[in-house]
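A quick write-up on the structure given underneath.
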Amino acid sequence: MNSLSHVDENGRAVMVDVSEKAVTARQALASVKVLLGERLLRLLYDKALPKGDTLAVARVAGIMAAKKVDTLIPLCHPLSIHSVEITFSPDFEKGSLHIEASVRTADRTGVEMEAMTAASVAALTVYDMCKGVEKGIIINELRLEYKSGGKSGTWRRQEER
Amino acid sequence: MNSLSHVDENGRAVMVDVSEKAVTARQALASVKVLLGERLLRLLYDKALPKGDTLAVARVAGIMAAKKVDTLIPLCHPLSIHSVEITFSPDFEKGSLHIEASVRTADRTGVEMEAMTAASVAALTVYDMCKGVEKGIIINELRLEYKSGGKSGTWRRQEER
Amino acid sequence: MNSLSHVDENGRAVMVDVSEKAVTARQALASVKVLLGERLLRLLYDKALPKGDTLAVARVAGIMAAKKVDTLIPLCHPLSIHSVEITFSPDFEKGSLHIEASVRTADRTGVEMEAMTAASVAALTVYDMCKGVEKGIIINELRLEYKSGGKSGTWRRQEER
Amino acid sequence: MNSLSHVDENGRAVMVDVSEKAVTARQALASVKVLLGERLLRLLYDKALPKGDTLAVARVAGIMAAKKVDTLIPLCHPLSIHSVEITFSPDFEKGSLHIEASVRTADRTGVEMEAMTAASVAALTVYDMCKGVEKGIIINELRLEYKSGGKSGTWRRQEER
Amino acid sequence: MNSLSHVDENGRAVMVDVSEKAVTARQALASVKVLLGERLLRLLYDKALPKGDTLAVARVAGIMAAKKVDTLIPLCHPLSIHSVEITFSPDFEKGSLHIEASVRTADRTGVEMEAMTAASVAALTVYDMCKGVEKGIIINELRLEYKSGGKSGTWRRQEER
Amino acid sequence: MNSLSHVDENGRAVMVDVSEKAVTARQALASVKVLLGERLLRLLYDKALPKGDTLAVARVAGIMAAKKVDTLIPLCHPLSIHSVEITFSPDFEKGSLHIEASVRTADRTGVEMEAMTAASVAALTVYDMCKGVEKGIIINELRLEYKSGGKSGTWRRQEER
């Protein structure tokens, strides 16, 4: 464990200085699960529910959210984002929609928050478009899977189980 | 299960017409857990980590996010939000920080997405301020707990277990 | 012709006072044409180009733009928007994509600018997604078709030809 | 005609990766016409209508819009914009106000959308400030005139007629 | 002196609940001074400097800022703003530009922050447009002059001197 | 005194071209005073008023405002901001809260407006959180203290008195 980086010696929040950090290629990958239940998920993917647009709208929402991170998360730096990609994959048995967000840049700081936020907002959009049917949907296990670039180099999630 | 509400008869996304809906007092409550691990959570709350600001910054981020929902979630309506309240409670045994967001309005449509988004962005901000220490932190069980008001009336989460 | 409404007696821009205006149901409908050319338009609609997403992304962009009018057009009032609907119809002979945006509210001022801006941003998004193929695409005849509500009542475009 | 660039192999929208693109000086020039009619245009320019502010407000709106493109057009990249210039020229015979927007940067991707959006929002602002007098005003021929820089080099509109 | 209203019993920031407040007509007036120095102020107003646009741009900036208060000041409520008016008056002897911002609404909470923020951003814009000439310009005495409406009624600044 | 930089030869506002400017490390420091009065300032700092959060919220507001300058001040360029730091110091005798904002970047143009805006919005937030107690609070002497970097080099305020 290293020391926290967003507070100064008196515990006050600061936007940390990245002037001395190198501009390197950076990538981050985050994932999240939307627990729709098997029936609602099948309706989405079997065209009995207008699936196309739900995922299309959620994809656009996730991409746009990645570009708004510095206005949402108070101590994040504005970044030049080079690519955002959102992918969806269904697990019908578990009734779970898996969402992955991948973000790339070449800048002084990483894009972990951009990937986490893109995945989160895509999931919230799926929730929004299904909540008229079922308000109990849970959004689970939002987490970073991978990041590369910068001084700390590559980090990859260890499987917990 | 009712029919989906955000798409027209051809499956195209629309921002549904709420003109005919009544202006009623509405409330929504959402919650989420940030799995920090016991050590990091204790450091936060034992002043060994500058806890105050982490929660203060996350609280402000959550409140501000509730006001930005219509710019984040594509098919949400702009709303006049009357109150936002974010509360944090630690579970040291489980190493989990529990976040609740409560939002109120008197408008034509509910504030479920405002509560869900406020909780989500508060959790993402905690993640952002701790990720220098531990990137593996998981944000879990983002979910609606309660909503009241409007035509569909009161909804309360049934305990799953 | 009435007098201009956005300037005071000295020609200075003001955001006009709508305090005295009545809250009434209001609607506006605007349209625009994107001159893609027959070949590109057919590719879009014949699935030889991934049409679905182009229109889906443009639809989302148009809906979201309707909610941002007060931050784009300096003297527009913030409004509570009740519905936004974007529709696309192709004219293959003319190679033209016709876009219509319909916006509703119940407020003190009309939603003409919301409909005009939604149509405009949907068209710009189509341009953005096709400009890698053809930069010469022209966006033509952005215009109000219809508005209702408020003191001035209903207005409908007279056919020019 | 090249292939479309904003969708992946499955037709899903992506924000394309520009990491490998070179940072080069880039410029784009777009234009649009606002068909005010001779009388309204003369009033604007003959000081019988408070012209100065209409054009001043529209100019500011266009400049500010160029800086918001990544929040309006879903798949556009955030860019560091180096200059924006909006110019107006009247054609009294045709009753048409011609608007040009020129944008420059040195970045990994072009500023065509910034120029197109700046011209469009400047025109919408003129419409907004005149619509109290005449709702029938048409915004016509929004189009790219010129772009330079990047791998594809210089592009200049061919005169159609 | 009453108790502070933006914090709960534990000193935590909250966006206070205005659900129970009445919708009444409300107005606020704020003012600020920009100490340009006599020479720079005269150049501005004597057309030796292109005055028109400086004040026009600052006026637009102030009006637009009034509409963004809920995204700038964390605990402010989103409001439906009914009018914004910015006026400038020079005091050549003192070399001071006086700016007043007046805002009106009919809502559940007052527009003091909208008036204060509009005046502040107009002043910052004047500074921005003059700082190439003189960086030492001071922005002074930003203050509320008057407010009316709501439960607390009318408040008017007492002359200090 | 040099010539004004934000207008072209006809006095029209432009966003000046910074393409030719060098990317250099730049810093700016701005300050402002909030005249709370001794009693209110002591209550803030003596924990009789919930001081912590007032300053915490104002600090977050100031940091976030620095990242929004290009959307607030019309002719400012979007910048990659590398650090923002807000500090508060009380002068109990004078009843004045002193706020300093320091901003750093490495870009083509300076961060004076980012520092000035961050200080201004932090002060406005303090005002917002105290105005329920005292509406007469004055925000005074917003000014640049220091800037470095770029072609014009270092500038430091001369003490006036």
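As written, the chains take the letters A, B, C, D, E and F, and residue 1 is the first residue of each chain.
As a working rule, a contact is a pair of C-beta atoms (placed from the backbone, for glycine too) under 8 Å apart; a residue touches a chain by one contact, two chains touch by 3 or more.
The structure presented is a predicted model; accordingly, all values stated were derived computationally and were not measured.
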Item checked: Third chains touching both chain D and chain B -> A, C, E, F
Notebook entry, point to check: Which chains contact both chain A and chain C?
Noted result: B, D
Checklist line | Furthest chain, CA centroid comparison against chain B | finding: D
Item checked: Contact-richer chain pair [A-F vs D-E] -> A-F
Note to self: With centres defined by CA atoms only, which chain is the most remote from chain E?
What the structure shows: A
Next item on the list: Mind checking the centre-to-centre distance between chain B and chain E? Centres are C-alpha means, answer in whole Å.
Entry: 32
Next item on the list: Take the average of all CA coordinates in chain A, do the same for chain E, and state the distance between these two points in whole angstrom.
Entry: 38
Next item on the list: Any chance you could list the residues of chain F touching two or more other chains?
Entry: 12-13, 52-53, 56-57, 60-61, 64, 68, 71, 74-75, 78-80
Check: What topology does the chain contact graph adopt: line, ring, star, complete, or other?
Finding: other
Next item on the list: Determine which chains touch and list them pairwise.
Entry: A-B, A-C, A-D, A-F, B-C, B-E, B-F, C-D, C-E, D-E, D-F, E-F
Item checked: chain D residues touching chain A - in the complex, by the definition given at the top -> 8, 12-19, 70-71, 74-75, 77-80, 107-108
Check: Residues of chain D touching chain F in their complex?
Finding: 25, 56, 59-60, 63-64, 66-68, 78-87, 104-106
Item checked: Touching residues on chain A, where the partner in the complex is chain C -> 52-53, 56-57, 60-61, 64
Check: Okay, in this complex, where on chain D does chain C touch?
Finding: 1-7, 11-13, 39-40, 49-50, 52-54, 56-57, 60-61, 64-65, 68, 71-76, 112-113, 116-117, 120-121, 123-125, 127-144, 147, 155, 157-158
